[in-house]
Amino acid sequence: MTADPIDRRLVELLGEDGRRAFTEIAQQLGVSEATVRARVQRLTSDGTLRIVALCNPLTLGHQSVRLLISVRGLTPRSVARSLVGAPMIGHVALVSGAHDIYLEGTPRDLGQLADLLDEIRRTPGVARIDQYVMTRLYKDYSWNGLRDQSGERALGGSGHPES
Amino acid sequence: MTADPIDRRLVELLGEDGRRAFTEIAQQLGVSEATVRARVQRLTSDGTLRIVALCNPLTLGHQSVRLLISVRGLTPRSVARSLVGAPMIGHVALVSGAHDIYLEGTPRDLGQLADLLDEIRRTPGVARIDQYVMTRLYKDYSWNGLRDQSGERALGGSGHPES
Amino acid sequence: MTADPIDRRLVELLGEDGRRAFTEIAQQLGVSEATVRARVQRLTSDGTLRIVALCNPLTLGHQSVRLLISVRGLTPRSVARSLVGAPMIGHVALVSGAHDIYLEGTPRDLGQLADLLDEIRRTPGVARIDQYVMTRLYKDYSWNGLRDQSGERALGGSGHPES
Amino acid sequence: MTADPIDRRLVELLGEDGRRAFTEIAQQLGVSEATVRARVQRLTSDGTLRIVALCNPLTLGHQSVRLLISVRGLTPRSVARSLVGAPMIGHVALVSGAHDIYLEGTPRDLGQLADLLDEIRRTPGVARIDQYVMTRLYKDYSWNGLRDQSGERALGGSGHPES
Amino acid sequence: MTADPIDRRLVELLGEDGRRAFTEIAQQLGVSEATVRARVQRLTSDGTLRIVALCNPLTLGHQSVRLLISVRGLTPRSVARSLVGAPMIGHVALVSGAHDIYLEGTPRDLGQLADLLDEIRRTPGVARIDQYVMTRLYKDYSWNGLRDQSGERALGGSGHPES
Amino acid sequence: MTADPIDRRLVELLGEDGRRAFTEIAQQLGVSEATVRARVQRLTSDGTLRIVALCNPLTLGHQSVRLLISVRGLTPRSVARSLVGAPMIGHVALVSGAHDIYLEGTPRDLGQLADLLDEIRRTPGVARIDQYVMTRLYKDYSWNGLRDQSGERALGGSGHPES
Amino acid sequence: MTADPIDRRLVELLGEDGRRAFTEIAQQLGVSEATVRARVQRLTSDGTLRIVALCNPLTLGHQSVRLLISVRGLTPRSVARSLVGAPMIGHVALVSGAHDIYLEGTPRDLGQLADLLDEIRRTPGVARIDQYVMTRLYKDYSWNGLRDQSGERALGGSGHPES
Amino acid sequence: MTADPIDRRLVELLGEDGRRAFTEIAQQLGVSEATVRARVQRLTSDGTLRIVALCNPLTLGHQSVRLLISVRGLTPRSVARSLVGAPMIGHVALVSGAHDIYLEGTPRDLGQLADLLDEIRRTPGVARIDQYVMTRLYKDYSWNGLRDQSGERALGGSGHPES
């Protein structure tokens, strides 16, 4: 993908509020609403952008677990691909460090957490798993980090209130 | 928060598409559009729900790093709170496992990654950091995991296409 | 199981002294002795409650070892089940963290400890074992922890005296 | 303490069923009921024996966490002593291995688990903590392990049924 | 620095043989010898390029040790800078993973290795050191890796013969 | 190899500047230029010495990754030999410590880094990999470390300027 | 073996000086020289005691390496037995901790160290090896530790002088 | 020290049997008994050689523990020196690997083991300790490893019989 400055600003505005009206965005970017709509359409259909509701699993009474997985024998990519479709797994990434794959799962309770771990241990190529049960979520996916770096104005209000 | 079954279904529908029209959601839930609007308003204002655009940082040319932090001397909560506002940090959670805090950061390049790590090392109470540089994102925040558990229909298309 | 407040108070009183007379418990709970007897019977027969003598293995001259086990290839549950019946193993639990299974064993001496470790290493699915030889027991299974949380009165005397 | 063979057999019988009638025990040991009563009294008052109700915390809806702690600067013994009285902590032992102290805690929920970890991190001398959230209890404090070693008959029924 | 394709090809040719004649390089690149000389001069003076003799320390009878260092309290950059000038240290880099700094040292013997480790332990901000004593060097700084990636011809002979 | 004092001094002078004129070296060593030429020829052809251009991969926009590999089942030597020829690998050494092999690779970007890790995971005998992404190079292959030890004059200017 | 107090005192005296005259020992123990001779003969032939010359390998110019080995699939005992006869291995023990077997080896140089590690990696059942190259020996096998515990007089001169 | 071939052979013969008669050694080495005596005297007085009785601590009913220590703030050498004189410590060495110091201690029982660990935790500069309780000794200080390397005849009988 090639993201021009207008794309980047668009991503940022929708990163603050995913339901922001396209007319408002158009005004801020100095382009037409049709342009905004077309760009969002393009960025969404090529997989760059997704607009979704985020929800702290703990406030719904679920467990949330983060897993770091080391692979052996198979390639990390092939193991990651086979984990993408596993139940309860909402996030899969390849990482470089002391493990190979990072996962997030949201089992409903401790019994389902044991189910999830059983499922992953059975996955070919999975060697070592380090597990982290989330006890509190302080901040979730915010783009203000990106903004802060460039010294621009701080974006307020993007942290999850403490539940 | 107490989320009743309608809230949960609402979260799920917006988890698939954050810009889904309220009229369509109302129809699916068998409630009025005003009810949908009011519930979204309530869930958003009490911090349960946020509708945002997610974007793979790698497709924008950024680095993405996941950090596991062990705390010493201070409480994990106080260290987490002081990291919430740090630049480039988009995600902060308390975890229980071999470390205490999980962070995600999106520095623009390797130089900013070094800035980020310098910043975190300087934070009082931070003892050990394990760092994971993301090399590929396969799947991002999807609620289909939650669906799959209950044996209901699989939700399609929620994975990030491989870039 | 569904434990109502009377069940919980019953568990707590027997957690302090497993041979407390049912008449005394009945008086404290404001129910009949028959009710106490029936509830203890029900909680025991459905596996919620067990009344046993605890004894510090070190005071009997035994070794006590705690083991953390990582599983590979098989599911943690199936490995845990095959370890439940192993000799010298008195405690088996699934855990989520840097390992999968927590065990306690009470071999009679260092030779039996080596036997125990040989036995576990031979168990299919056992990958990594971290071993902790107990050198002193300060406090054993007490429910006063649970009490303390709610701000109620501290329960005295539940720690093992130092041998 | 010096435990003679009758003491050991007494511990074993009460380890199977803490409310076993003293008359029954007396018969099995070939001693008088008064002797049983006196020995139980002695073993209990010198701290060798405690008769308590064990209950799987998970069946009461609690969390159960096992912690391995490394100490720095202070002695493991002094740190263990200061943890004995901490809220939610039901078990404290000194161990020799890659950590110094083993703890068990039973917080009511994830929020109390975070409280517990904050409390421990604040304790002077605590350096590194590895945390294990229990997801299932297969077997709890049974003495049949000890029996099995000597080749005697297997004791039945001492495992927790899977909840 | 901005390295154009000619710079890159120049780096590659000198990466194979640092004393290759500029006339030969000029011919291969299709530029004048003066251009080659000027570019090498520029790349060298701005620190991009250094032409040096590499020598396997083991063949000179030295020890070679690689160290991974975790930092605490100070920033990794400041610790790295203070290690750059330490005796016996020939290579210093910031890294992102389970440690912060990577070092190579070439002490003359085991006694000097102990001196080196004493020196580093004394450096403020150094927390944990993992040490790797080199026992054999198979391949040293070669650019053919870079070539291979693009599917171009393999470069021969760049490995150290086994001593 | 047997390196006499003249060889060592020769290595050192070329370690400072790989293109230093042989006449100048001859003068410093008090030998004829023919002797210098013959010795360089001998040391190069027996693999003791290689004169190459070093270049900070980060200044060329590449990634640089350092890998520590643990071997299982095969010998470290045979695994090292099979990695010597792998694409993007520029450095391979056997080490003694918590891992067996040290590698450096210079993938062009994060996608190639994932390729490299897939390639290595597939290599028979490779068990565990710890990965370190370089974020900054402070100092590269310098022989002044060797000089400093003996208390002789410090060699200036061998550090990479910070990019 | 059953070691009576005279045996223990005998072991201690020979632990200080293995060539101490039996007449002198007899005098100190208040027994006849024949008794001393008979006891040494018995303790030696049943494997309790060995009288040997200890020598710091580093002062002979050898390398000395200590290895901690984790076993998988086979029992630690069987792996230990197969390592007892391996070349360069002078010490083998089963241990309980984060590994299963402790070894000491004294290869002549770094090349033989690589041979040794190749040999061990090839041994069936060997999973993980942590390696420690000795850089200095401060104190070797002394029984004064045992003496000190009981508050008796300190034994002088048992440390290796620093080489 | 400079050990000539006769010294080395002398060390080897005494390494097999520390009480071997000097006349026998003289005969084997083809030198006079006075020469043997003088050399042993020299090697002993310069600290190269010590002749002692080795005894498996487990056969005496002691515990034996091996400790790996990481140092922070102070130099490994200074910490090693302060541990040389600690009670129950019989062996101290500097090592290069994932820790800095290797210790062996022989506490009489688990209570003294806890004393020993308290003592070491209190020692300034001691950061992390990994502890290994010995459960069986298979082979102790033998020089046949050295012999085997050179392909010479195997030395028999130097292993401890299994107790």
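Which chain is which? They are A, B, C, D, E, F, G and H, in the order written, and residues in each are numbered from 1.
Assume a contact is a pair of C-beta atoms (placed from the backbone, for glycine too) under 8 Å apart; a residue touches a chain by one contact, two chains touch by 3 or more.
All of these numbers come straight from a predicted model, not from anything done at the bench.
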Touching both chain E and chain F (chains): A, B, G, H
Fewest touching-chain hops separating chain D from chain G: 1
Listed chain pair D-G, C-D or E-G that repeats interface E-F [over half of contact pairs the same by residue number]: C-D
Which of A-D and C-G has more C-beta pairs touching across its chains: C-G
Same or different contact residues where chain G meets its copy chain E, judged by the half mark: same
Whole-Å gap between the CA centroids of chain A and chain C: 39
Whole-Å separation of chain centres (CA-atom averages), chain B against chain C: 37
Whole-Å gap between the CA centroids of chain D and chain F: 56
Residues of chain H touching at least two other chains: 77, 94, 96-98, 113-114, 117, 127-128, 130-136
Chains grouped in pairs wherever the two touch, ordered by label: A-B, A-C, A-D, A-E, A-F, B-C, B-D, B-E, B-F, C-D, C-G, C-H, D-G, D-H, E-F, E-G, E-H, F-G, F-H, G-H
Contact footprint of chain F on chain G as seen in their complex: 65, 113-114, 117-118, 121-122, 126-133
Touching residues on chain E, where the partner in the complex is chain F: 1, 3, 8, 11, 14-19, 46-56, 59-62, 64, 66, 68, 77, 80-81, 84, 87-99, 102, 105-108, 112, 130-146, 148-149, 158-161, 163
Residues on chain C engaged by chain H in the complex (per definition of touch): 58, 110-111, 113-114, 117, 133-136
In the complex with chain A, residue positions of chain E that touch it: 96-98
Footprint of chain E on chain H - complex, ascending: 70-77, 94, 96-98, 100, 127-128
